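In what comes next, chain A is part of two complexes: it sits with chain B in the first one and with chain C in the second one.
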Partner chain A sequence: MAEDLPKAEEFLANIDYKVPDTAWMDTPAEIRKGMYCYASNPKSVEYLGLPNARKWNPLDDDWQLPENWQEIIHNGFKERLERFRSVKVFMDICVRCGACADKCHFYIGTGDPKNMPVLRAELLRSVYRNDFTKIGKLLGRAAGARKMTLDVLKEWWYYLFQCTECRRCSVFCPYGIDTAEITIMGRELLNLIGLNIDWIATPVANCFRTGNHLGIQPHAFKDMLDFFVEDIEEVTGVELEPSFNRKGADILFITPSGDVFADPGTYTCMGYMMLFHYLKEKYGFDITWSTYASEGGNFGFFTSHETMKRLNAKMYAEAKRLGVKWILGGECGHMWRVIHQYMDTMNGPADFLEEPVSPITGTKFENAKSTKMVHIAEFTADLIKHNKLELDPRRNDHLKVTYHDSCNTARGMGMFDEPRYVINNVVNHFYEMPANTIREQTFCCGSGSGLNAGENMELRMAGGLPRANAVRSVHEKHGVNMLACVCAVDRAALPPLMEYWVPEVDVTGLHELVANALIVPGENERTTDLRGEDLPETEDDADE
Partner chain B sequence: MNFKYLYSLILVIALFLIAYAGVEMAGMQFVFGILVPYAAVVIFLWGFISKILCWANSAVPFRIPTTAGQQKSLDWIRQNKIDNPSTTIGVVVRMALEILTFRSLFRNTKMALHKGAKLIYSWEIWLWVGALAFHWAFFTTVTRHLRFFTDPVPFPITLLEKADSFFQVGLPLVFQSGIVLLAALLFLFLRRLLEPQVRYISLAADYFPLFLLIGIALSGILMRYFIKTDVVAAKELAMGLVTFQPCIPETVGSIFYIHLFLVSTLLAYFPFSKLMHFGGVFLSPTRNQANNTRMQRHVNPWNYPVNTHTYEEYEDEFREKMIDAGLPVDKE
Partner chain C sequence: MKLSKLLIQHKAEVVKKWFDYAVQSYKADVAQFLKTQGDQFANPVGGALSQNLEPLFNELCGQMNTEALTASVDPIVRIRAVQSFAPSQAVAFIFSLKRVIRTILKKELRNENLLQQLYEFDLKIDVLGLIAFDAFMVCREKIYDLKANEMRNRTLHAFERAKLVKNTSLYSIHAQAAQPITNREGVLSKKK
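Up next is the complex of A and B:
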């Protein structure tokens, strides 16, 4: 963890919601260490063929922009106003009522007024008024318009990378103005002149080349899953045989590569593998992994719509090549926003696939009949509902669990009850966080949309504060010690967040909990959970 | 310091005085009673329609509703059909509730850092109350005004008048909507001025419509209850305008021209300002679309082909390694 962070109490004491004395237009952004991510590596930018690859540093005065950068931004803006009604309408209709202001986790955690969604949007809106509206041209600043200058550009960059595109603001806005949409557009404009951050650009380049953000090459990907096979054998005594790139399999499975790479995501990955093995043994379930489409996540989404489409194309391409019937997707947040709201539109129609049907229960996934991709929480909930899984939730009795709705599956999809149903069937002690912090009002982990780097730890701890604070409240009230989630970025971002704000609480994926409870055919009696931690004494006389 | 509201206030007072001076000193009844209102209506209609067309001309490439409730998925999981609609009917209900009851604003909360350690979010209903009161009072007032533009006055409008002055004893009838309108506007203004965060985000363009509306409401109330105007004559002028036989009755007082001038300003200003949220709320893509993207493909009119990294290119780069690891390959 970042060494230069103050103690948690000090951090809290330093949050100041007082507004500055100077008007926001007269308060230039000061790019501060700990709050921003490093500039993109020129090699990654070049590999993707994106504009203005060069080495640059946000702290330098000179950002080495193309000579006509103002023109590029202006034209890019114009083009996007025509392509996206959302942007045009959102530029025009905000009444600055302020209902969104204190809904943003970054505002709550920093007190910086430019982190109020409305002001974040005004950063762009002010330039929009100047460039594209009559009244803005006529009245200038009196109408809230201002010219695009280098200072304004730097302000854009700084604050557009302090928004995790979580959409919480849009739930409260009386017109549904979605500042995430404005951030998406703003970042797209910034990319036109080469102003990306490396934590996004390099994973994107990796993903383009190797199929996943982490740059894991095919043989290494297989190796990693083989390690898990060994680990699982140690815990359960059962030997698994995951299959890769196999033509003719029924179903293709795609999950974020983070699950393959780092704890505690790895346990979730083992969870998937055990579930698939269970289903294969019992019901002849037939699924394959892919090394080419080995990334569910899509950092292209945080770059531009075009880049998102370029990365996402692999999913359907691979499903087609392998000749599977449909696709099953792992636990991830933004991955699911992309699949749910964009994939079919961008890269469909997937007419070479079949409407998804669970081969085990016969359930038709009507809600996925066009996109042909099912979320694993939907899939597993259906299995449990049909009594197809043999479960012993007592093996999770050492855990007091709460559940974090990931922003994207919450507000960009609406998946709330499926994961809760699964949790309630595999865990005996489940407690909800306060109502204003869950479901559609869920708070972001503070590190979404490509901001989970190491160098911006202060920003992440600030953005994650509301989430952590809600976890703390159930920790104190019910002794919660495990935070469950369905998102790979969460599994990477929440552990340091918990370590900082609520060190007593650990983080898990949904399918790790499932796998702990799942009684796999032929397994030895388990003495530890997947993490190798001793299981509580299970009482033989079921006393409930 | 923050003088934005002062500029707006001065501007509205100036408008007030212009109309007064124009009529009282320069005798420009014709300008303020006929030319300006016609011009304002033309600008309003032209501006409003072109703005809507301008929005409508932009594509809706993706279906991106904000989902604020349980999605439709498995049969036994109860969908929230309003906050996460998957059908047109659901969308219509969601939109109707947004437009008629400001449902999203109703959710509003206020955050506070309690004792410097615990974040608390409490329900904050006053903005919703003030906003809803203002809009409905405004709507009632505008509708009531139709009696000046119709002859005979249609029954629903007479009925509305009756309802609006329900608690009345004695004369003249006091319309509750006028009082509520003014009170709500004052509340919205004070909130803007006194709440530091809201003041910080406010532009001059946020104060101006408030003052203008307050000016309209005040001049209307003055005219009705204090500086009596010849109502019959006012109706004559209004009827003249709508029947395109404009006339200037002698007995209309200058307070009426002030009222009319402020309304004209509002109309002309409307299409170029944030007041266009009136039209925009109907077109907001996060609210007016169904969440059924996985069920029904949404077509992007400008979807263009992009450069991707194909499986062949991938295998070409990693073939050796794949074969060594025992992974299947297409080309040996």
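Up next is the complex of A and C:
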């Protein structure tokens, strides 16, 4: 920070502390600590076969780009304009009405005008005009066009990694322009010249090689689930026997590895395991975990279409190998956006699988007809709707719960009601946040799309401010102390966000709440929840 | 004539102008948004200013209770601590209140008796500046604490012990919130 501290004469010259008003094109990006993620480890870039693997530092003047980088970007841009009609349309039709301008959580939280979605898109659009339109070539800046220079490139990199691809802005655009898609394409272009971030590239490399973001090997994955079996036995007295890599099982279960390896996701993971055990005991439910396809998340999505496709294919290859009927997926966000929006045209249709039908209720999951993959929130909501679960929501009475819609499950796949339906059946105290902060208008956690690193904490806290501010309001009004979500990145990103803005509120996955309420056959009377915290006295106890 | 009485009389005007000065630290179009969007959920930064400047001003005119001052200054400074401001810029809005008062009470302040009182009021603003600076540092420390904890979790000591991590430089995406892993040490080490 010290290097850019203001000088005494600057203070005196500007005692009103007013920032100068330069036009955006004349205000070069200042790359600030805390706002960007570290450059990727060249080993990971190499492993993935992505271009220009080298050690580089965003704070250095020289980014060690290939000599013809401008040509690479120009050609890559051209190719994508031809390939993605949406991008071409988005480049042309924006009327700069400003409806999207103040809808981005990064704009709202950072107060940086270049985080207005319209300006973020203009970063690329200005180069598009210069390179691909007559009027731009002719009139230059007067037509909003500018040449691709190193400064422009740095600005792209800085601000395309300050967008979580959450699509909130698109909800407000009268033309449906989706800035997330522009960011996705922009990041893909940056990858062509080796401008990636490590928080994305290394997990992608791990996932590609070992099957999950951490590079945890299959035996260790199983070890973790075995730890959970012991934990669950301690809380319930029931011993579970999860099944692994079993050929011929009815259903394959795949969840983000964050559920297996990081709190509070681990409790959600225990929740899945208890639910499956319950269903097996009661209805002969037949499901298996894979220690190879051990990652539902797909950070390839934040790299390039090709990388996303490679990672997504692994899940389906495993389903084929095991010969299951369909895939049940855990609580995740971007994993579902990939499946819902891209899988079918990328690797689908998954003809070798069957159309998903709940073996317990007979419900056909029409929405998953082609991808053959069902979100566990839908699956559980259906079970509850058909009265297939015995639940005691009083065991969650110590919790006052609100629900954060993950951008990806909400705006990315339209899942609003299923998680709420489940919550309302497993807890007694549920409170919604203000209407303009939930459902399709939900505010991002501020850390999505691969931005949940440690070094960009300031960016994450600023971007998460609108979400945290809404949580604070229900905390103050109703005493909310638990923020529920159905996304593994949320479970990783929201705890520090809460710690900074609303420390009284903790974070949980949906199936942790389900498991706490679920009356498992043969269980002992529970005295603690899955976290080992004492349960509140029930009314019956109080009467005794 | 008492300055405090005058200030109370002009409260609305003072607070409004103070708000304007505070948002001048943002670019003009951002400042405009912060001023005009009245829904605090759509505009939490503007909301924090409009909800807290008046109580701060009341406290300056009244009891100067540290807790009350901190409670009102913290929400503003907590935001500015993550917004790429230099520390000086983050708390500068406090001192701009001096200029606000001098501008609004320009005529009245020709009175020498009032000038003496103004000097005392300025001291109170300085105290608020110091409190704001402390609040700012608490926030910055929290940020570094969050960063450091994530680093610790990233290296995943427990995983290493359990030989679960192949290469500790290949850290986790989702493991950042991983307090658990350390909380669960007992559980993890059971298995040997």
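Quick notes on this one:
Criterion: the second predicted complex is superposed on the first by the 520 of 544 C-alpha atoms of A that agree within 3 Å, B and C clash if a C-alpha of one lies under 4 Å from a C-alpha of the other, contacts with A are read in each partner's own complex, and residues count from 1 in each chain.
As a working rule, a residue touches a chain if its C-beta (ideal position, glycine included) is under 8 Å from a C-beta of that chain, and two chains touch if they have at least 3 such contacts.
Just so it is clear, the model here is predicted, and its values are computed rather than measured.
Judged by the touch definition given at the top, the superposed model places A:143 against chain B, while chain C stays out of reach.
Shared-chain residue A:108: touches chain B and chain C both. Once chain A of one complex is fitted onto chain A of the other, the partner contacts of A:223 extend to both chain B and chain C.
Which of chain B and chain C touches more residues of chain A: that partner is B.
Judged by the touch definition given at the top, the superposed model places A:276 against neither chain B nor chain C. Shared-chain residue A:174: touches chain B; no touch with chain C.
In the superposed model, A:96 makes contact with chain B only, not with chain C. Residue contacts after overlaying the shared chain place A:214 against chain C, while chain B stays out of touching range.
Looking at the shared chain after the overlay, A:501 reaches chain C, while chain B stays out of its contact range. Residue contacts after overlaying the shared chain place A:161 against neither chain B nor chain C.
15, 17-19, 101-102, 108, 113, 210, 217, 223, 434, 436-437, 465-466, 469-470, 473 are the residues of chain A that lie in the contact sets of both chain B and chain C, per the superposition on chain A. For chain B in complex with chain A, the residues that touch the partner chain are 2, 7, 51, 54-64, 66-74, 76-78, 80, 83-84, 86, 98, 102, 104-105, 107-111, 113, 116-119, 121, 127, 131, 195-206, 272-274, 276-277, 280-281, 283-287, 291-300, 302-303, 306-311, 314-315, 317-318, 321-322, 324-328. Within the complex, the chain A residues that touch chain C are 1, 4-6, 11, 15-19, 21, 32, 34-35, 41, 44, 101-102, 107-113, 199, 202-203, 205-206, 210, 213-217, 220, 223-224, 226-227, 230-231, 256-259, 261-266, 297, 299, 434, 436-437, 450, 452, 454-455, 457-459, 461-462, 465-466, 469-470, 473, 488-489, 491-496, 499-501, 507. Contacts from chain A toward chain B in the complex involve residues 9, 12-13, 15, 17-19, 23-24, 49, 81-90, 92-99, 101-103, 108, 113, 116, 118-119, 122, 133-135, 142-144, 167, 170-178, 181, 208-211, 217-219, 222-223, 244-247, 291-292, 305-306, 309-310, 313-314, 317-318, 321, 339-342, 344-346, 348-349, 363, 365-371, 373, 378, 381-382, 385, 410-418, 421, 434, 436-437, 440-441, 465-466, 469-470, 472-473.
Contacts from chain C toward chain A in the complex involve residues 21, 24-30, 33-34, 37, 39-45, 47, 78-79, 82-84, 86-89, 92-93, 96, 99, 139, 142-143, 146-147, 149-151, 153-154, 159, 162-167, 169-181, 183-184, 187-188, 190-191.
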